[in-house]
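Have a look at this one before I ask anything.
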Amino acid sequence: MISPTATLLISCPDQRGLVAKIANFIYANGGNIIQADQHTDFTAGLFLTRIEWQLDGFNLPRDLIAPAFNAIAQPLQAKWELHFSDTVQRIAIWVSRQDHCLFDLIWRQRAKEFAAQIPVIISNHPDLKVVAEQFDIDYHHIPIIKENKQEQEAKQLELLQQYKIDLVVLAKYMQIVSGEFIVKFPQIINIHHSFLPAFVGANPYHKAFERGVKIIGATSHYVTDHLDAGPIIEQDVVRVSHRDEVEDLIRKGKDLERVVLARAVRLHLQNRVLVYGNKTVVFE
Amino acid sequence: MISPTATLLISCPDQRGLVAKIANFIYANGGNIIQADQHTDFTAGLFLTRIEWQLDGFNLPRDLIAPAFNAIAQPLQAKWELHFSDTVQRIAIWVSRQDHCLFDLIWRQRAKEFAAQIPVIISNHPDLKVVAEQFDIDYHHIPIIKENKQEQEAKQLELLQQYKIDLVVLAKYMQIVSGEFIVKFPQIINIHHSFLPAFVGANPYHKAFERGVKIIGATSHYVTDHLDAGPIIEQDVVRVSHRDEVEDLIRKGKDLERVVLARAVRLHLQNRVLVYGNKTVVFE
Amino acid sequence: MISPTATLLISCPDQRGLVAKIANFIYANGGNIIQADQHTDFTAGLFLTRIEWQLDGFNLPRDLIAPAFNAIAQPLQAKWELHFSDTVQRIAIWVSRQDHCLFDLIWRQRAKEFAAQIPVIISNHPDLKVVAEQFDIDYHHIPIIKENKQEQEAKQLELLQQYKIDLVVLAKYMQIVSGEFIVKFPQIINIHHSFLPAFVGANPYHKAFERGVKIIGATSHYVTDHLDAGPIIEQDVVRVSHRDEVEDLIRKGKDLERVVLARAVRLHLQNRVLVYGNKTVVFE
Amino acid sequence: MISPTATLLISCPDQRGLVAKIANFIYANGGNIIQADQHTDFTAGLFLTRIEWQLDGFNLPRDLIAPAFNAIAQPLQAKWELHFSDTVQRIAIWVSRQDHCLFDLIWRQRAKEFAAQIPVIISNHPDLKVVAEQFDIDYHHIPIIKENKQEQEAKQLELLQQYKIDLVVLAKYMQIVSGEFIVKFPQIINIHHSFLPAFVGANPYHKAFERGVKIIGATSHYVTDHLDAGPIIEQDVVRVSHRDEVEDLIRKGKDLERVVLARAVRLHLQNRVLVYGNKTVVFE
């Protein structure tokens, strides 16, 4: 519907005139802002904003926008990212044996809910190769045991480079990614099958069943080297009862997992998520 | 926590430079924007925004802000409202016989969830006088029948003027307010006990029971002269089952009604609701 | 986990001793009840129950259960159905052009969430043949226009008989099924893309957008010859805002539609839905 | 609507014929069952049931029901409770300084949502005496410090006996009740202001804010001597965003807390909650 847009995600120490300065930069170059949203974290003294404008009629060529904006950002001590809406990001989906999130992500990409490509699926198991073939996506089986983790992660990293991957989505990968890996490739979104921080770690549905909770949840977050403790992007829940066995929790949870993960991936791809500290601002 | 602020709610035909012009006006006068949110309705070609800034350090005295901003707004063909956060609005609560919304609104006002005064309660029944007395609020019993509606509405209007009322909240008033009245006093928020537009009109819980729905809802909206068809501010729902009799729907619905109405009143009092056409933009 | 079970769904005029009589019938024949649930509709004077027991150790052979229970049911003027949990029902999925519910139903059947077979897909468009082929399911393209509706429905009916279909699932079929058809094949579940009875008929998302609702929904119901007015099995909702264009409502709605339809189909397949009048009792 | 009823809550080792035996006991004495629900915990090998029947026309006098049923229950090794719907339970509400749950419980009791009396409020602070007076309820201020906890709990226990209390509701009491106290008076329902087991202990809203969750919750549970780890009766959640400061979480949480606590108290008063192990079966 809308022609290509540029988006700035900015965080900087709060001060007077920030909105004016940023808006002036866009207006002075002929840009039409279509969405501007902002948040001030008073505790941290931080101003956080997302501004999106139409490139149609914008006088600066794309490659000059970043240097031009840098001149404004530096005196403000701003951290910022610039994105273009017609950049097609490349996703690697990592899976283990469960196929529900994988199917869902592929379906959404085919249905154009995601402006992204999915050139490769990586797994520590061979089980889902058949799905990859069904949708004509490359599949790499990289089995991981304690002893070979380091070298297998090196292979995974190589694949990410080879496939020019922008984002790794852990679609029920069920393995811990090492801190060293994350340093080298930090853009990783995970789906955890509980309402974090309840039930961190393995077997959250079994733990939820044991505890007798009346609601279960799923959480999508960026991966950090603290297990299940990265910045949360999206969460959702569903009601359960004493009638639900562990297998019912797992089944109901699957519906949550795929929707929560898909929402998080979509928000990320639309450059609507700004991470600061261990939190996110989600500009919806 | 925050010193007094000013808020502009603006709608105008979309064009380049709107954010810049408005932000510049505030920055040029030394204001610090603490929240700016904006929405473009592409179908209507409308730009809608809410900007809130600290008055502390703002160079324009309060009474000059409106004329100064008018000079900017007129060439943009903008419709706009200016509000100050320390203005204490005065609410008249209109009730019939049910007390749950009334109690809830009074409790929230006492708990400082609303920055407002509630000097008067108006009712077509005498039943809730006792509540008014308990909380030391004036109570006016104005019984209404078909034959005296016009003259009773005149009395109601007189009371609103006498008590310097800014907002009427129909907290289960169960009577239709005439179009003539609304023209004279348009700031009226109602709670309807269904998920509109399902079950317009009387007895929505009975109708919901008849239809066998699995979810019931409540809707808070501005009152217009089309029954239950005004701009919706807030809605919420709760799950029901075949076990729920009509009286259970009514009981569960009460919990919805008071929360939905309270949220709508709070959003209105914080000047977060911008009405255009028959819709609202809610800047949360 | 559990060996095969038998399930009785019973509705009859309320009277003393119903639970005892039914439970005695099962106990006397050595059955172990694993779930018994019951509901009394006092307005209608109706007793409605679902009883499930293990066939393992039950002394009556399967083909004698119905006649034996009939002797008990007749004096009670009971309407009843008997089902066995290892009966694999056969589903025909009817679609138009949208694939999300179709994909979802097939995925769930493959994932064993449904104990059912899906031997055939019927559509008035050729678009989704490719999906049918991908999953090796027969696909019949039966285009329908006003002039040929009667003869095309005859063809559809023939296919249902040929494929020994127990249940038709309208997975976004977008066509009205005639009253004559429903009489001949009454087991039809539909998904409607609104929170019924709001937005009956075509284009509910456009209507929801026009009305400015803050929540949208989806409804799964049995099909009757009153449009979108059949007994509701399941509903769910999702929050929307002024930021959501019609296309966002459609996208968010798809996630609702597939989950709501899947829940309804699963409940039906597990013989948990008892229809009476224009309502359902859902024994969860 | 319905004449007085008797309710049996039963748990016993699973075996054939349980439903029949219990239903026969009621039928043989002329009782009309109006609700029967049952659950089997296959892992624990436990049968759990709730049966409610009309006393009108029941041949056994009330005081003979328990001994008569005991003759049936003993050979089944059943644990059971017998309740009558017209027994008016007596509640002591314990509070600290916050009034929202207190107001809500009182309002519901006045509105007849609870068939109970509230003769006394106990608090470690004097603040809410004014509310007690407003509604003509006795108020006992029992300040607690580390050094006097034991003797103050003795006073509290004495008050419970004096007022013939059946149930203590901790309506934001914010104090830990000792294990010794719980042994002497085990019927205690608490509201915890988080989605347990996330954020056990003090200041859950601050912890939720720190963690950056997108949803907050409230949990009502029976009190045991493990902090915030007792059997959960009811939970609910509400969505939050980066815009919500700690004070917003607290405000939004209050709406949850009062509804979740009220639901739990109501379910308990209607004898719909069966505790086994550290879990509940809630027969809704």
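As written, the chain order gives the labels A, B, C and D, with residue 1 at the start of each chain.
As a convention for this text, a residue touches a chain if its C-beta (ideal position, glycine included) is under 8 Å from a C-beta of that chain, and two chains touch if they have at least 3 such contacts.
Being a predicted model, the structure only gives us computed values, none of them experimental.
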- Pair exhibiting more inter-chain C-beta contacts, B-C or B-D: B-C
- Going by C-alpha centroids, which chain is farthest from chain A? Tell me that one. D
- Query: So, what's the distance in Å between the C-alpha centres of chain D and chain B?
  - Reply: 36
- Distance from the CA centroid of chain B to that of chain C, rounded to the nearest Å? 41
- Note on the structure: chain A residues touching 2+ other chains are 1, 39, 42, 241, 243, 245
- Message: If we count contacts the way the header does, which residues on chain A are in touch with chain C in the complex?
- Response: 1, 99-100, 103, 107, 111, 113, 134, 241, 243, 245, 247, 251, 255, 259, 284
- Where on chain A is chain D touching in the complex? 39, 41-42, 195-199, 211-215, 217, 231-237, 241-243, 245, 278-282
- Write out the stretch or stretches of chain D touching chain C in their complex. 1-2, 14-21, 23-24, 26-28, 30-40, 42, 57, 239
